[in-house]
Amino acid sequence: MQSIAEEAALRCEGITKAFQGVHAVNGAAFEVPRDKITALIGPNGAGKTTVVNILSGSMTCDSGREFLGEAEVTNWPSHRIARMGLMRTFQLSRELGGLTVLENLLVAPARQPGESLLNVFFRPRLVKRQEREDVERALSVLDTYGLYQLRDNRASELSGGQKKLLEISRAVMASPKILLLDEPMAGVNPALVERICGYIMDLKRDGVTVLMIEHNLNVVETICDHVIVLAEGRTLATGRLSELRENVEVVRAYLGEVIDASSAS
Amino acid sequence: MTLFWLSVGFGFVTASVLAIAAVGLSLQFGITNYINFAYGDFMALGAFFAYVLNAEVFHINIWVALVLGSLLMGVLAVFINRFLLSPFVRRFQRTFYVLIVTFGLSLILLNLEYSIWGADVRFYQTTISRAIHIGPILLTKDQLIVMGIAVVLMLGVHAMLKTTRLGKSMRAMADSTTLAMTSGIDTKRITTITWFISGTLAGISGTVLGITEGNLTPASGELFLFVIFAAVIVGGVGSIYGAMAGALLIGLATEISAAFINPAYKLDTAFVILIITLLVRPNGLFARPGIA
Amino acid sequence: MSYYVFTLVFFLFDYFILAMGLNIQYGETGILNFAYIGFVAIGSYVTGALSLPNSVGTGQHYILGLSLPFPVNLLLGGLASMLFAVVVALIALRRLRTDYLAMVLISLSLVLYDICNNYVPLFNGADGLYNVPEPFAGVLHLTTNSFIPFFAVLTGVIALAMWFVMSRITRSPLGRTFRAVRDDSVVAAALGKDVFRLQLRSMLIGSFYAGIGGGLIIQFSGSFNPTAWLPGETFVVFAVLIVGGVGNNVGMLVGALLVETLLIHLPAFLPAIPGHPGLIEYLDAVVIGVVLIAMLWFRPQGAVPERLRKAVSFGVRDDAVGDRPLVVGAATPVVAPSAVATAGLRIEEQE
């Protein structure tokens, strides 16, 4: 039996997905190594977000298989996959607008006793105790991400950068084993990019496997251990970024796209 | 067996009325991406406009009144969109609010109609004609004209969507409004025109409903609304051709069922078909993917 | 005179109960239940039919007829409504997004109305149920004049109890998760919440309230027929929510008061216009519709807006975290302080 360290945290094979006859994903297959930060890169339209949607359960695939560790989770609905410890963020931040920042995080933990009607009425002390624990942890997480001052603000009132941070901290609050980040640096100013990179590296140190879709190759170079290149809905190559830069096919796939780090936002 | 064929005949008539209504609803839904819950009242209002022209004020021929009344409803629909619905859509991102607004609009229109015309049953002034035999099917001249109108309108809508620039713009908007906008399509103009068409078709279907049913009350449209919903959902929401197919299916099914069960419940048959569809094939017959 | 006042008091509390039921479905969970009045009607009919004796010989036609006493029949009426909600949820909730669900629900409402109106053996058709026995008749021997204040107060007590229960729910983590489903069901699912089961739970709770509210109506007035619940009545309950303030218990009481004033007080004081029967009622309905739309535009949060839940209300000492200055955009080291470790970012074993 493989040791935990060698087994891929997340693995997919032969994933296809077509929309009205057009194949967005056409045979994607890759492994996401445990406890590492992996980047999923590729030109626009390569199917990266679709793959993440499929892996997280928001969409079903037409064919293919997906594994979390040893368990097959192909086409499981998103809430079941989330329960297995896979959390994701969205490219365009989706905050729970009617709730406060703190409440956004309080929704995240799985299996809260307070979500059961019976507990609410017959075990109120248990519910209260768990809620206090969650609140303390949430306030800490908010503090780490610099959102503590905004804890009582309505989430819809946050700025774009703050919503990004909320998106990530909310996923973190759910104690994920695997975290899928969909373009975490999109539309974010350079200083915030550095901070988020710091957070992601801290997550890795704490034992979270990270897979991130990213266009900013500077970021990929800095923090990612492993890179998967997707093009035309198919896995083109995997490995370290330095190797991939030499890969003719990869360069060709990116033709017309600027790889120059200095102009990457 | 004659009863069966009679029902089939009536089925085609009902399907005709349904088809006009369902297509009007679908076109508007495709562009605006929300359902107009006041559509039944648009139908009734258009029918009453025709009624006023035909039976009260000017005593115009029913078919001419139909055209005029429906066009008037089309214009009114444009105003309602411009001053009520569009502002809500622009202001609130979620469709929640505008749905409640259309629900409220339905209440307002219905009760305005009651206020003006009361709850009494009204009748169009149309010449009583003999029934005509077409094979085993027996239909009156009015019913045949209604079917003819439906066929002409269906062909017209089909031609518009496929060949005209307007139609192509509408199809583009139905697919993706933002993409259509960036392609240079004047979405506001298309939306206005769509509401005009939707309102007009509502008026036409309301009027022909009044003609085929033989009577008219302000609530006629609302009571028929769920049958239209059934046709639209069974056919596949968002698909115009689905709406036509759904109308045909539901129209025939409801009338044929009347031959076997208490006719008072024939419309409820539509609902049963709707439920079965939801259980077995929830996207309908011709659904556009990614919608339901 | 007090007869009239207590009738108003009864309807105030009853609308409040109805509003709470719709609120958990729509205000908290985001389910646009346009068939709500159907659930109310089921509660009403079942409550009435259960308390009536066997239908043979009464001149009415109805099912059940078990001569059950109050409050047994009332509770069963609420249960019947819940059963109906289960059926509806299993058929419709699983697959449909908001507007299609609303379409199906409106259709359901109309069909239900059609059946109750036409199919006499069920609940006496268009005539509806009447001569429903007064609750506690054999025990308290109240006259009509004393029954009305008595029942109005009783309804108030019931409403209070139900309010207490609802408050517990909305303030609990379950309530918060409902609101998460309302705000963004995709995110809720991505966080591991079973959206369907949550929506089902919300529908069940809400329909129980609807059933009780309906049951109380038939117990108060002794009769119930289709004219009392034309599908447009759902809109009145929405009006109570939206005018008063969605998601807010106090707001709903305010909304019930405002809407009731418009619906009942106003037409009562205006003279009927000769030659136009029912005109006042019609114009009244128009006014309600206009007021609702105006409210939605000018004050969508309602008369009493939903209050945000502040951190201090959880009873956690704020100074546990301290007041670190918020430094946004300033240069920070790439590796954030190890506060992350102390934040308790333990990866709990799940499944």
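Each chain gets a letter, A, B and C, in the order it is written, and its residues are counted from 1.
One rule holds in what follows: a residue touches a chain if its C-beta (ideal position, glycine included) is under 8 Å from a C-beta of that chain, and two chains touch if they have at least 3 such contacts.
Nothing here was measured: the structure is a model prediction, and the numbers come from that model.
Which of the chain pairs holds the record for C-beta pairs in contact?
Chains joined by the most C-beta contact pairs: A-C.
Measuring between Cα centroids, which chain is at the maximum distance from chain C?
Checked the centroid distances; the maximum from chain C is A.
Please tell me the distance, in whole Å, between the geometric centres of chain A and chain B computed from their C-alpha atoms.
46
Give, as an integer number of Å, the spacing between the C-alpha centres of chain C and chain A.
38
Where the centres are mean C-alpha positions, what is the separation of chain B from chain C, in Å?
About 32 Å separates the centre of chain B from that of chain C.
For chain B, which residues are in contact with chain C within the complex?
Residue list for chain B touching chain C: 34-35, 37, 84, 87-88, 91-92, 95-97, 99-101, 103-108, 110-112, 114-115, 118-119, 222-223, 225-226, 229-230, 232-233, 237, 262, 264-265, 267-268, 271, 274-275, 278-279, 282, 292.
Which stretch or stretches of chain C touch chain A in the complex?
My answer: residues 165, 168-169, 172-174, 176-177, 179-180, 182-184, 186-195, 201, 306, 308-311, 314-316, 318, 320-322, 324, 326-348, 350-351.
Which of the residues in chain C come into contact with chain B in the complex?
Against chain B, the touching part of chain C is residues 30, 32, 34, 91-92, 95-100, 102-104, 106-108, 110-111, 114-115, 118-119, 231-232, 235, 238, 242, 276-279, 282-283, 285-286, 288-290, 292-293, 296-297, 300.
If you look only at chain A, which of its residues touch chain C in the complex?
Listed in rising order, the residues are 56-58, 77-79, 82-85, 87-88, 90, 94-100, 102-103, 106-108, 110-117, 120-121, 127-128, 131-132, 135-137, 139-144, 146, 148-149, 151-152, 154, 161-162, 170, 172, 174-177, 189, 191-192, 194-195, 197-199, 201-203, 205-208, 222.
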